[in-house]
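Next come two complexes, and both contain chain A; in the first it sits with chain B, in the second with chain C.
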Partner chain A sequence: MERRMTRIGYLMLLPSVLLIAALIVYPVVNTIYQSFFEIRTQTAALGARFTGLDNYVKAINDTHFRDTLVWTLLFTGVSVGIELVIGMGLALLMKRKMPGQGLIRTAVLIPWAIPTVVAGIIWTQFFSQNGMINYILQTIHLIEEPLSWLGNQWLAKLSILIADIWKNTPYMSLLLLSGLLTISKDYYEAAQIDGATRWKQFTCITVPLIRSTMSVTVLFRIISAMRVYDLIVAMTGGGPAGKTETVSMYAVNTYFTYGNTGYGAALSVLMLLISIGISLLFVDSLKTKGSV
Partner chain B sequence: MRKHYLLTAVLTAAMLTGCSSSAPEGQSQEPKAESGAAEETVIVNYYGRPDDNGVESAIVAAFEESHPNIKINYVELPDSSNDRLKTINTVLQAGDSSIDVFASDVTWPPIFASAGWVIPLDEYLEAGELDAYLEGPLSAFQFRGANYGLPFMADCGALYYRKDLLDKYGKDVPETWAEIMETGREIAEQEGGRMSGFVSYWMQNESLTCAMLEYYWEKGGEVIDEEGKSVLDEALLTETLAQMREAIESGAAAAGTETFGTTEARNVVTAGNAVFARDWLSGYVPYNNEETSSVAGNMEITSLPSFGTLGGWGVMVSAYSANKEEAVEFAKFRASEEAQMIADDLADITPTLKAAYEDGPFLEKKPDLPKFLPVLENSRPRPQSPFYAEISGIMQLEIHSVITGMTTPEEGAANITQQVAQVLQ
Partner chain C sequence: MLFVVVFLFVMLAPLAYMVSASFMSQADLNSIPPKLFPSAPSLANFVSALTQQPILKYVYNSFVITLIAVAICLTAGSMASYALTRTRIRFKTTFLVFVLAISLLPTITLINPIFKLYSRLGLLNTHLGLAVVAAVLDLPMTIWFLTAVLKGIPTSFEESAKLDGAGIFQIFVYVLAPIMKASLFSISILVFIGAWNRYLLSQVLNQYEARRTVVVGLTLYQTNHTVPFGVVAAAGLITILPLFFLVLRFQKNILGGIMEGGVKE
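Moving on to the complex of A and B:
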């Protein structure tokens, strides 16, 4: 009887397993397989040629790949770090009882709800030579001549970071807020009786208790920041001179636009490995210090 | 990441097979019931441009009306040209027959033709049928002596100039790039204010490669030979890059030109702040629209020095199609005068047929059309190499690096020459 139930259980799982296999396992395995071959759209008629690890060796020696990787990691670190701090601040603010709380929580979500490409276009207009940012800075006499925000590599990186932080902080703050709401008030009352300061309450109660929520939130954001694509395509197209091109953009260009399937696959696999590596760090921290 | 695209591709494929298997059941019965004829309805899958202003669906409807045996299953491609290439690429790479005929950018034919994914149309065409098309737009679909597609929408690089300002200062329309910058700077200095001599969109994208090629061709430079090998001339390339950088640094080009996309550059023109502009034919209408442009009626169009780069779209037929004959039938219709007229009624297009510029309904509707003809005749396709996208990627990065002052013209030219040779070896 019990065995039959188990079998039915597995059978019921089958559709989702098949779906996962078709949509996730197959593409991943196929990408890994392709990465060991020299395959080009342009010479597809001639077939693929097995080249072993050549594509990976090429990637490691590819200075442009290294540049894009450094920028992707820098982008991820800076944007997620700042989003965490601002997001935490916003979450603490939203947790307070105040008039119009619902309205504020909705309003904060707006940047996150706007499609990324649209947000990218809006920010491009703001940062353009004759855009609003230059106009404001000139009006308050911070600068004399308009700055070339998207033409200078550091300013372009800064512009992209600002746009991304604006776009994704709401997501962060909302998830953190949900974590904050699960903390029982009793802890704070007890701390207050013991005479703990607000800062002490924050570091000794709030932070440890939402650590697991925070880890998950940060992990989600890191994974999505690592594969940033649409925002930068809309804002700079990877310019100036490819300095804001991310690994995903390089991989997509190589694989699809240039038709260099094998090498593009190898770049994707490398990116996958790095993402998995970073995720593992977090999974570990979730296990050991997570639940209270 | 890639996973993402494959996922979309798989989903699209799933939806497509879903459509094509369910569609015949519903549709094939109707004609049988009506006519009782033995002829079966054939379904042709057409991957077309996005249905802006309902252009594609109107053309499909007109075709189905005149060809009762063929049903067109029109699939809208994504909005950006590169995403469209990705979608078609994914399906054809798998040798899938779910695409019969598709809309193609002028830079794609060499890619698909050399991969063997599209068929030459020559055996389906009658003698002289191709003579109806303008040579420039048609040449983009010719590869290694065969015709792989028919153009249905023309575009190319053009020079726009402020007629009123040239008249005011007694200047002729310039015939070289050096003259354009020189005249522009002179007039801008005398006009003062926010006026600049020249504007274009030189952000790091495909238009930047086109802009560079237009300079480079003027000097007699070539990119590839007939065998598809690189024949880049490093000295001419250095000169070209130096000239482009000079345009930015001397202030002849509007400040920020190296960061402008289409919208930002066009805003400078329509605000009346540029003497010259390099834009596509599609700039003519917005520049001369009285409601949105302060220079309407004064923005004249002419050919660029030497050549303008050819743009535009056409149709190609998949080698994996199960209904090639019907697919070609639709391709011919998509590029016919009737279809181009439908497209022009709903959205503004530039026709690819010679007759449209001589008489008939097109000319009645667009009296300015003959102005475009010399510009189009003066255009040429980008290097017809299957590896063009990669070459252009290399060029974009290096050109942008030079014009934003990160590398010197010499370094840029050396990098381009070396990397392009590597790709084409």
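Moving on to the complex of A and C:
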């Protein structure tokens, strides 16, 4: 009976294993393999030519790749950093009992639930020449002339970051809130009796106790920020002059516009290595997650 | 109180503006200072949205693909979670950690081989093909979520059903599913929203108009020189209506799903 159940167990795991093997493991292995070859869609009939590390050497010397990588990492660091700070603030406020709590928690879901493309389109309009942002800044006399937000590389980057922060902070705050709600009130009561200040309570009770929730949340946000694609496609299309193009956009163009499969694969593998490197920094908190 | 007002404003104003803009004329949209409300509300943008692109077709495609994805994800995910919590198979933790690790992969490491594989299998520009990929991408979250839920359910219910001679399938459908109803529903909604909003894979795998999803179709209203924001806003509103309905109607389930599940991009 027991052995039969075990066999049924493996059988029930099979659909997931097959799906993951076909659509995740095989593609990743195939991408790594192809990164060592010169393969072009245009000359596919001639087959692939093994070129060793040539694609990687080319990537390291490719200034456009370096630019996209620097911008992708900058985007990731700045957006996740700000989202963590604001998200933590929101989570602390949402934890308190107050009128409109249900309304707030529903409102938080709106930016999270709408497609990134829609968020991108709305913010593009806000940052347009005649848009709301220019109007508000002119009204309060911060600027005299309307700014070309999406036409200047640094302003375009700032616009993209603002749109991303609006879209992703709410979700971050919900995950942090779920961590906060697991902390027993007793700790705070005890701290109050001992006369600890609010800041002291935050740094000595809250932060240590939600540390693992926080690191897992941050890791997943970092990884998803590093994939950034649709927001920028919708807002600038990578412009002006390719200055807001991310690694994802560059790799997709290399594959499907230029048809340079081998090189696209090498760019993807480099991104994979960076993702693995970052994940390793978080391995301890993932272990606590893994021991559910 | 002030915080509540400011917060709601920041969260909702961009979307409210889109709704308002979808009823504005081009003159309203170009006016300086920018208008908050249409001077003469009209449905012209919706007419353009429906005629310039076959958006209802795109919405239909999104629905079909998303529903198939939810079905696959929940079926495979429930089976796996049952195996992980109710049978004595080996490598349980290894499998869970592995599943977590694959959800950290960059999409660009998957996309070209999947494209090539699908083109060989004739799965490009099909509902099923895109649905399977969408399902697999949300499978890690589903397995983690349902495994945690099943761990919390005592096995005593199943034991008595087993003594009565019920098989695994019957136990799942008649004993566990009713207990897990709310959780199954929550995770379905999360998978639904995830699949509905998935952009890059939909753009690459379903390029033909006949199988295009609505989030991809949305980007096609912009022509080279002008962005007809009123029309795009109307199309955007059509795109998010199903999501809006889900959020307003099932916020408790969604909040529960996010806050209990934890892992989601």
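Going forward, the second predicted complex is superposed on the first by the 271 of 292 C-alpha atoms of A that agree within 3 Å, B and C clash if a C-alpha of one lies under 4 Å from a C-alpha of the other, contacts with A are read in each partner's own complex, and residues count from 1 in each chain.
The rule is simple: a residue touches a chain if its C-beta (ideal position, glycine included) is under 8 Å from a C-beta of that chain, and two chains touch if they have at least 3 such contacts.
Not measured: the values here are computed from a predicted model.
Peer 1: Aligned on chain A, chain B and chain C: do they clash or fit?
Peer 2: Chain B and chain C clash in the superposed model.
Peer 1: Is A:Ser248 in contact with chain B, with chain C, with both, or with neither (first, second, both, neither)?
Peer 2: Both: A:Ser248 reaches chain B and chain C.
Peer 1: One more residue to check, A:Asn130. First (chain B), second (chain C), both or neither?
Peer 2: Touch status of A:Asn130: both partners.
Peer 1: Once chain A of both complexes is superposed, is A:Ile20 in touch with chain B (first), chain C (second), both, or neither?
Peer 2: A:Ile20: touches chain C, not chain B.
Peer 1: Between chain B (first) and chain C (second), which does A:Thr203 come into contact with in this model arrangement: first, second, both, or neither?
Peer 2: Touch partners of A:Thr203: none, neither chain B nor chain C.
Peer 1: Looking at the overlay, what does A:Pro240 touch: chain B (first), chain C (second), both, or neither?
Peer 2: Only chain B; A:Pro240 stays clear of chain C.
Peer 1: Is A:Val118 contacted by the first partner chain B, the second partner chain C, both or neither?
Peer 2: Touch status of A:Val118: second partner only.
Peer 1: Count the residues of chain A touched by chain B and by chain C, then name the partner with the higher count.
Peer 2: Of chain B and chain C, C contacts more residues of chain A.
Peer 1: A:Arg227 contacts which: chain B (first), chain C (second), both, neither?
Peer 2: Touch status of A:Arg227: both partners.
Peer 1: Who does A:Ala265 touch here: chain B (first), chain C (second), both, or neither?
Peer 2: Touch partners of A:Ala265: chain B and chain C.
Peer 1: Please indicate which partner A:Val28 is in contact with in the superposed arrangement: first for chain B, second for chain C, both, or neither.
Peer 2: After superposition on chain A, A:Val28 lies in contact with both partners, chain B and chain C.
Peer 1: Considering only the contact definition stated at the top, list the common interface residues of chain A for chain B and chain C.
Peer 2: 22-24, 27-28, 30-31, 124-125, 128, 130, 227, 248, 251-252, 255-256, 261, 264-265, 268, 271-272
Peer 1: Tell me, which parts of chain A touch chain B in their complex?
Peer 2: Touch list, chain A to chain B: 22-24, 27-28, 30-31, 41-45, 64, 124-125, 128-130, 146, 148-153, 227, 236-243, 248, 251-253, 255-261, 264-265, 268, 271-272.
Peer 1: With touch defined as at the start, can you tell me which chain B residues reach chain A in the complex?
Peer 2: 1-7, 10, 82, 85-86, 89-90, 93, 111, 114-117, 203-205, 254-256, 258-261, 263-264, 267-268, 386-387, 389-390, 393, 396-398, 400-401, 404, 406-407
Peer 1: What residues on chain A touch chain C, complex-wise?
Peer 2: 2, 5-6, 8-13, 15-16, 19-20, 22-28, 30-32, 34, 90, 93, 98-100, 102-111, 113-119, 121-126, 128, 130-132, 135, 139, 166, 170-171, 174-175, 177-178, 181, 213, 216-217, 219-221, 223-224, 226-227, 229-230, 233-234, 247-248, 251-252, 255-256, 261, 264-265, 267-269, 271-272, 275, 279, 286, 289-292
Peer 1: Give every residue of chain C touching chain A within the complex, in rising order.
Peer 2: Contacts found on chain C: 1, 3-4, 7-8, 10-12, 14-15, 17-18, 21, 30-34, 72, 75-77, 79-80, 82-84, 86-89, 93, 95-97, 99-115, 117, 132-133, 135-136, 139, 143-144, 147-148, 151, 168, 193, 196-197, 199-200, 204, 215, 218-219, 227, 229, 232-233, 236, 239-240, 243-244, 246-248, 251, 254-255, 258-260, 262-265.
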